[in-house]
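As written, the chain order gives the labels A, B, C and D, with residue 1 at the start of each chain.
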Amino acid sequence: MQNETARIEAFSDGIFTIAATLLVLNLQAPTLNSGKLSSSLLSQWPHYFAFAVSFVFIGIMWMNHHRLFSLIRKSENTLVILNLLLLLGVTFVPFPTAVLANYLGKPEQRTAAALFNGTFFAIAILFNLLWRYSATHQLHDLDRNEAAAHISAQYAVGPALYLICFVLTWVSVAASLVMNILLAFYFAIPPYHASRLTHGRRRLPNE
Amino acid sequence: MQNETARIEAFSDGIFTIAATLLVLNLQAPTLNSGKLSSSLLSQWPHYFAFAVSFVFIGIMWMNHHRLFSLIRKSENTLVILNLLLLLGVTFVPFPTAVLANYLGKPEQRTAAALFNGTFFAIAILFNLLWRYSATHQLHDLDRNEAAAHISAQYAVGPALYLICFVLTWVSVAASLVMNILLAFYFAIPPYHASRLTHGRRRLPNE
Amino acid sequence: MQNETARIEAFSDGIFTIAATLLVLNLQAPTLNSGKLSSSLLSQWPHYFAFAVSFVFIGIMWMNHHRLFSLIRKSENTLVILNLLLLLGVTFVPFPTAVLANYLGKPEQRTAAALFNGTFFAIAILFNLLWRYSATHQLHDLDRNEAAAHISAQYAVGPALYLICFVLTWVSVAASLVMNILLAFYFAIPPYHASRLTHGRRRLPNE
Amino acid sequence: MQNETARIEAFSDGIFTIAATLLVLNLQAPTLNSGKLSSSLLSQWPHYFAFAVSFVFIGIMWMNHHRLFSLIRKSENTLVILNLLLLLGVTFVPFPTAVLANYLGKPEQRTAAALFNGTFFAIAILFNLLWRYSATHQLHDLDRNEAAAHISAQYAVGPALYLICFVLTWVSVAASLVMNILLAFYFAIPPYHASRLTHGRRRLPNE
């Protein structure tokens, strides 16, 4: 049974890996007309920031994808399509990253940050669609219901939090980016601890 | 026996994955001389459209390749060469995608759409060549003749439909692109349902 | 034992796959100032030619690498280093391909073709080094001596033939490219048949 | 147990492979206004040098990563994060490589070399963090303590040596690059021999 999802995982891993590595193509050696190379390199700081943030994001998305598919046992056509849409979102990431890198600290930075935060909002929805579909269509490993409940609890708050982050862009670009980074860390935490954080002492459905 | 085709599948998966991810390199952060970033981003819509369409196409081609090789058990030199030609077509996809993205909605869009539709026509032929060769050279898993018959039925109409789509470009660019997208969905449907769609109640050879 | 070389093969497969796919980045959508897109696309023929030739070359090199490692059973440090040098050559291929695509049919085409043919000459030597090292250091699967002898016979003539092809560049660029393509086909043929072709009826060492 | 780290290794292998192959994108076909293509190609020597050095570096880092994970048996969240940070460093390599290639032999070469050497200093620290964490958190294969001790001995001197190399940039750019290359060879040597080289006849902790 486990083999059924093996090739989906391999394909997805490939997409995550390549999208993460392509981010470096946004970093270009500066062409120097005058002045010092060091100051020219330093002035590219939004590029390094965007590169590092997006790389870690893709890495954390990969961890989450891995967690989901360690519980998903069966595969079928709709799951493959939903996964493909999620991967479309992941592959898109280098583009808003490049836009953010080019406009951060400049007059049009709000639009760039909105595109960036909006992308992660969309990806959060796609992650939820994939997870809920697999949950409601009995594609899960039934021996691990508790682990699944913790993921469900962690994911339930995802789209709402990313929506707040997206809206926050119009209040403060800096605050929205900080919140985006904090959200990434929240999804890096194993679901068991994460669901405690947001749901407090409340008992989870499957406990 | 199954291992015989494992390394071909791994190589092919790699090509599909990378070709799909490289599509994002066609999306460039706009350089802004004046005006708003948001309108500049929106004016790039043909790039997003072409990116999404080609990504989903490559994903569906990957699904199809996966289906074929779940039935192909034996490998030999000609099969490897035919597969290599198919992958050459897949690797080529980012180029017509870029051309379409650059010329859609502009005077020369017909040529761009013809290149785009023509590429998928050529790939449909290459898919058929690969499948027919494996069918006529006894490379199949004989226990799964019925599944193979459904694929044969689905594929038999492929090149003809893509040829119509290609010719349609000179009638209406928009209609040809819509047809191209519909064809992608047709090949996303599992062969069992797809062959019913096009062949109606007719009994398939192996039924 | 077989697992010893599995990760080297996976790493090598990755390099072959990515190098092959990156070739498409040499194909750029033409920017049109005036004239027709179709003629602009057609005038890029050296790019399509170079793309197709190099893609098939990398595919055939992958087939050969696969053949070698189906016989190599043990791994050690020097083998890893030699393999790394071979992969350095493979990764380099998109560069001479781009140079050839840019200068074919132009005054400086001889230099471009020499770089192209020279790259394959160097790769032929690296393939031989890898194979001979594994042969003389008892890293082979001893049950398959005959298959190894056929590869040795096919490879023995490789560097000499590629050297002729390289030198031929100064006689005729077209002839050298034709010879380069014919050599690729020669190495696509399974070693058993290939060694018959060049060594005629002579008995091979291990026969 | 061994499977626990299998997907981390696959993801890491992907990053190493793609980062190594993307290096070739720094090699561009020269655009020729006048003069000979051959001299134009030769004048790009810093690009070939930087390409070859960084490719071999990434290959050797891959070998080292492989060695570590052949001893690491268990996985957990912090290990995944530390590995992700290391891979962030690996993915970054094409950027300092491009900067070095563009400025080597020019007035601002010191800054470029400092960025290049500094990157490898940072990666040496990240390699040590990963290794020490796995050592102190009982994630090792306990049957292979001796092999682990040799790696620990080889790695213990890494950051210090790379710091010297980094500082050396301000004394002599050429000397610092030579030292950087020598250090790569030192980490290519199997840990058993390497630890003898730097630690002489001293007994290792676990001997």
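Couple of notes before you dig in:
Going forward, contacts are C-beta pairs under 8 Å (C-beta built on N, C-alpha and C of every residue); 3 or more make two chains touch, one makes a residue touch a chain.
For clarity, every value in this text was computed on a predicted model and none was experimentally measured.
Among the remaining chains, not one touches subunit A and also subunit D.
In summary, the pair subunit A and subunit B forms a contact in which the copies contribute largely different residue numbers, shared numbers making up under half of all those used. The geometric centre of subunit B is 39 Å away from that of subunit D, both derived from CA atoms. For the pair subunit B and subunit C, the distance between mean C-alpha positions equals 28 Å.
Residue positions 10, 14, 18, 22, 25 of subunit C are each in touch with at least two other chains. The residues of subunit A lying in touch with subunit D in their complex are 9-10, 13-14, 16-18, 20-25, 27-32, 36-38, 41, 51-52, 55-56, 59, 62-63, 66, 188-190. The touching residues of subunit B, when paired with subunit C in their complex, are 7, 10-11, 14-15, 18-19, 22, 25, 77, 80-81, 84, 87-88, 91-92, 94-95, 98-99, 101-103, 108, 111-112, 115.
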